[in-house]
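Same chain, two partners: chain A is paired with chain B first, then with chain C.
Here is the complex of A and B:
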């Protein structure tokens, strides 16, 4: 019976993990609402959202720490709603790491094997194998409090992976590490996931972590999935205003359709008339309300050099010689340097704030940092009609 | 102003004794000296005194020590007391653990607070009164034997047995041990419990591998208290255990009553004190031992 079921499952090519209309209530509060999500075997999937969006609850339901109020969760085609946490092989790397302080490093790694009744010699061998794979075998007999943050992270990974699970759950595992180490561990996780070929379900509030590692990103808000897609899709084609906002470094405008010429449209927004292209599959009536997204790195900048009346110096070389579809005079409010990237906050004449992201190099080319970095300086901000994305 | 504060700072560093802190510590130091160190030293001194014509006279002789430690019945009593106290410690710890675990993990915080309050209530009444109430329950014609009689069992002799002693020890220690165990178990990191379950530990292994190791210090402190209280208890072995063979506290009473042998009783007391100190220090050392 079971065998036929498995074959049937194979025939239907059911994804490894399926959430079907899953609802989770805590008392009267809906933590997760009507969730439908399929995760393929070997996928690196990141669930993102701000705190309280239901991402951790989703992960905990997968691990069996919470039981869905409604709906069904299937792992390899089998319903797992009622399985106890200890009856599933869905190890988790916890935000707190939750390493056992009363056990040393190798005993921590052996724990899962011991619970599965694997005998001592085999247990030790497999634990050591994982310790050396994580490059921490020299710490095998150390106690946990003698390790650094990064080493603990590796112990937690080894402990979770030693049982060779089909899926690894990660609950903001890098949030306690400093920035340098986060990037290092991202590399370790990505490589590990590819080598093992197992599914990683990664919960985070950090966009950079999710985008750096995940094949697909799930964005949640208030217990509802807002969008599922590759990082590029989510970034360039947000499915909703929430996603556009959440993904950050986006400028979101809204307005009504004023005129239409084929696919090129003019929209009356907060900052004035904006030229854009309507997607081919999109039909719109004049006056209909539209949401626009212009990502901060799609904008280019030129210094408003009124006094000398010379021609404007464009920063963005690629758009330098073609006339911009959209150009607005703005006043500089603030700038923020993060390494090579600079984020500028400017205000249009109509009082709307726009965010522009540029490389420091590009800014240097027009001598921006020397002459025009005073707050209140006027600048010209422009972008092409192609870079305007119209929200569905 | 500036000079003033500087002067003060110099004064502080200069003198080794901080007058303010000392003032507050003084009462405690005084109290300990007067009521703990003083009597202890006097008890130790007394072990070297002699009793002549039913009167204690100051001396410095090893006679009492030689006499007491040379007696077989003293050592019988010593090991009996250690055995009973150890048994009480094991029984109380085992009986308390499920209760403490349930209070810590299975009930709401409100219920837990009420339960701890009710566990304190027994201390409101005299331990002696509570011990005597066991007479009614454990006697040949008492409540327990009556109930057992209905199903055709008994009567069993429970008073004046080691079972009786044990019941008395539990009366004394169990509420305290439950309280002492509940607090550390309630403080066990729930994230570790979840992590253990996530790694395949069922209920039993979670308790053995995570909850007990996490709460270890508190569990040991509970056990130490039980041992200390049982080891030094006179009431239970005397009234419920029948005083024969005597435990060390009973021996102290007997020794003082027969021929005013206060010095020999002091020998027993000092040996008890040393034993308790060794047990307590060893246990605490074990509780806090470092894992390499």
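Here is the complex of A and C:
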């Protein structure tokens, strides 16, 4: 929310960070290709992708550890391509943390201030302030190897933030922590970013980290940006097949256009005819090959009680208030519980696997029982026209 | 199975014991005879005496040699360690073509037979008219010792997270400041180790020193001179002194060499 205020205020100004046609080659290998990216002041942006997609190279170029082969990177409107790492105030939290093992906690935090020639007393005071802000002031005189993973994380954050930079770069900082701690540190990071109002550029391969914290996510593959958008946009309206696959928990169908009327389209897919709303931008209907995305949580399920073909009536009775546009008979393959959510993998008659995400409560309501389903009872999966998204 | 393992173990222990016996018996013998009053090293021993130590203590030639050895060892230690550090850091920091060749060349000198290295040095120094001076020994020994220093420091730098130096730059350190504040502190144990090791090698080195030294004799050279004249128990006294000096240096080197900083994941 803060970010949007800032954006409105600085409308006439250039964004804080701009990548303009940036290309980076390592030898013959293009790590980043023709990248254009603008980051507003105070934004929490996450750059995502699998390993080798160029996300870390992007971050390292911002920090000055790598120099772009072509293009321009601007920070606050000034070209920074040629600046040495020490000449920019773009501190980074490293994946390895890169804490100095021969210095104790407070000396680590003081390092950036020492390098800027700030005198001892002042430096100690500011370092202590950050240690207490990160709730680790009692460890000030400990050596690094006496700290737990989470405490080290906080030291790394304090060390990076002590110089009060305009931007903080984070390179998969939570990848070494266990799951519980990751969630806690996500909270710490989000809160910190909002309090400080500075820009966070966060590189990760983890969708849950990115979606939990970021205002916008950048999805990269093979050195190319596939999509930039809010987590909701990326999740509901993936710009490409790659993104749809990458954000997971989506069902991706492919097929060809069968018919079209004023409000809906019918597409012939692997599982049969699928109804979808007529998209606003009809350009995506061109071409022989259409990609459809239906997210797993948009699907609902009902149980067939007599295994005969009268089941269709049965569904229409139970879901009388919201008739489904798309219904397919299927068989359970496997199920997986994560807390209150259940992910079911089912196979349609045509042998295509679909993923369905439901609350345990919903499953109980429809009278689903695992044993019955395993005995070959048919299930019916259904979803509405609105939940079908056609890939551009 | 267990039985055969036990036998192998026993054989290995005996083998190790023999190695130690063969290495240390002559040295221990020499130490014992340095305190023996008899002119010739024979059993049974005569009475305890410090006379041989007094003899070398009052011998100005031995003092001169000790002084030369000290100057050479300290200079060589410092020079080789500096060169070794630079070579090792180059290897750590930079990627370039023919890097393996560079490393092989840097490690080459100790593989050349000493006598050949010594002769070549002598020929070269006389050719340019500088032979027989103390600094030529320093130069020759540095050539010999720098690779040891490099090997020791390189092993330590290999344990360093490459991000550590980048992190220092990232926090505003210039390349020199990062070197002073991060790389050198990290490498300090290996630098001390390299310093002691190269000093020990230089202190003990005979062949090159003998060829190159001229009138500026070092301790190993003067030992040979005394030995050539006659059998003299003061050799044992000097030997004892040299042994303990070298052992001290090597043990310090080893202690720092095996230093491991606690792992930070």
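Criterion: the second predicted complex is superposed on the first by the 350 of 392 C-alpha atoms of A that agree within 3 Å, B and C clash if a C-alpha of one lies under 4 Å from a C-alpha of the other, contacts with A are read in each partner's own complex, and residues count from 1 in each chain.
What we mean here is this: a residue touches a chain if its C-beta (ideal position, glycine included) is under 8 Å from a C-beta of that chain, and two chains touch if they have at least 3 such contacts.
Model, not experiment: these values are computed from the prediction.
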Overlay on chain A: chain C relative to chain B, clash or fit: clash
Which superposed partner A:152 touches (first chain B, second chain C, both, neither): second
Which of chain B and chain C A:141 touches, first, second, both or neither: first
Touching partner for A:176 - first (chain B), second (chain C), both, neither: second
Chain B versus chain C as contact partner of A:94, first or second or both or neither: both
Touched partner set for A:104, first chain B, second chain C, both or neither: first
Which superposed partner A:253 touches (first chain B, second chain C, both, neither): neither
Contacts of A:115 with chain B and chain C, given as first, second, both or neither: both
Partner chain in contact with A:63 - chain B first, chain C second, else both or neither: both
Chain C-contacting residues of chain A that also contact chain B: 63-65, 84-86, 89-92, 94, 96, 98-100, 102, 111-112, 115-116, 143, 159-160, 163
Touching residues (chain side chain A, partner chain B) in the complex: 63-65, 84-86, 89-92, 94, 96, 98-100, 102-104, 111-112, 115-116, 141, 143, 159-160, 163
Chain A contact footprint on chain C (complex, rising order): 161, 163-164, 166-175, 177, 181-182, 185-186, 188, 261-265
Chain A-touching residues of chain B, taken from the complex the two chains share: 189, 191-192, 194-202, 205, 209-210, 213-214, 216, 290-292
Partner chain C, residues of chain A touching it in the complex: 63-65, 84-86, 89-92, 94-102, 111-112, 114-116, 143-145, 149, 152, 159-160, 163, 176
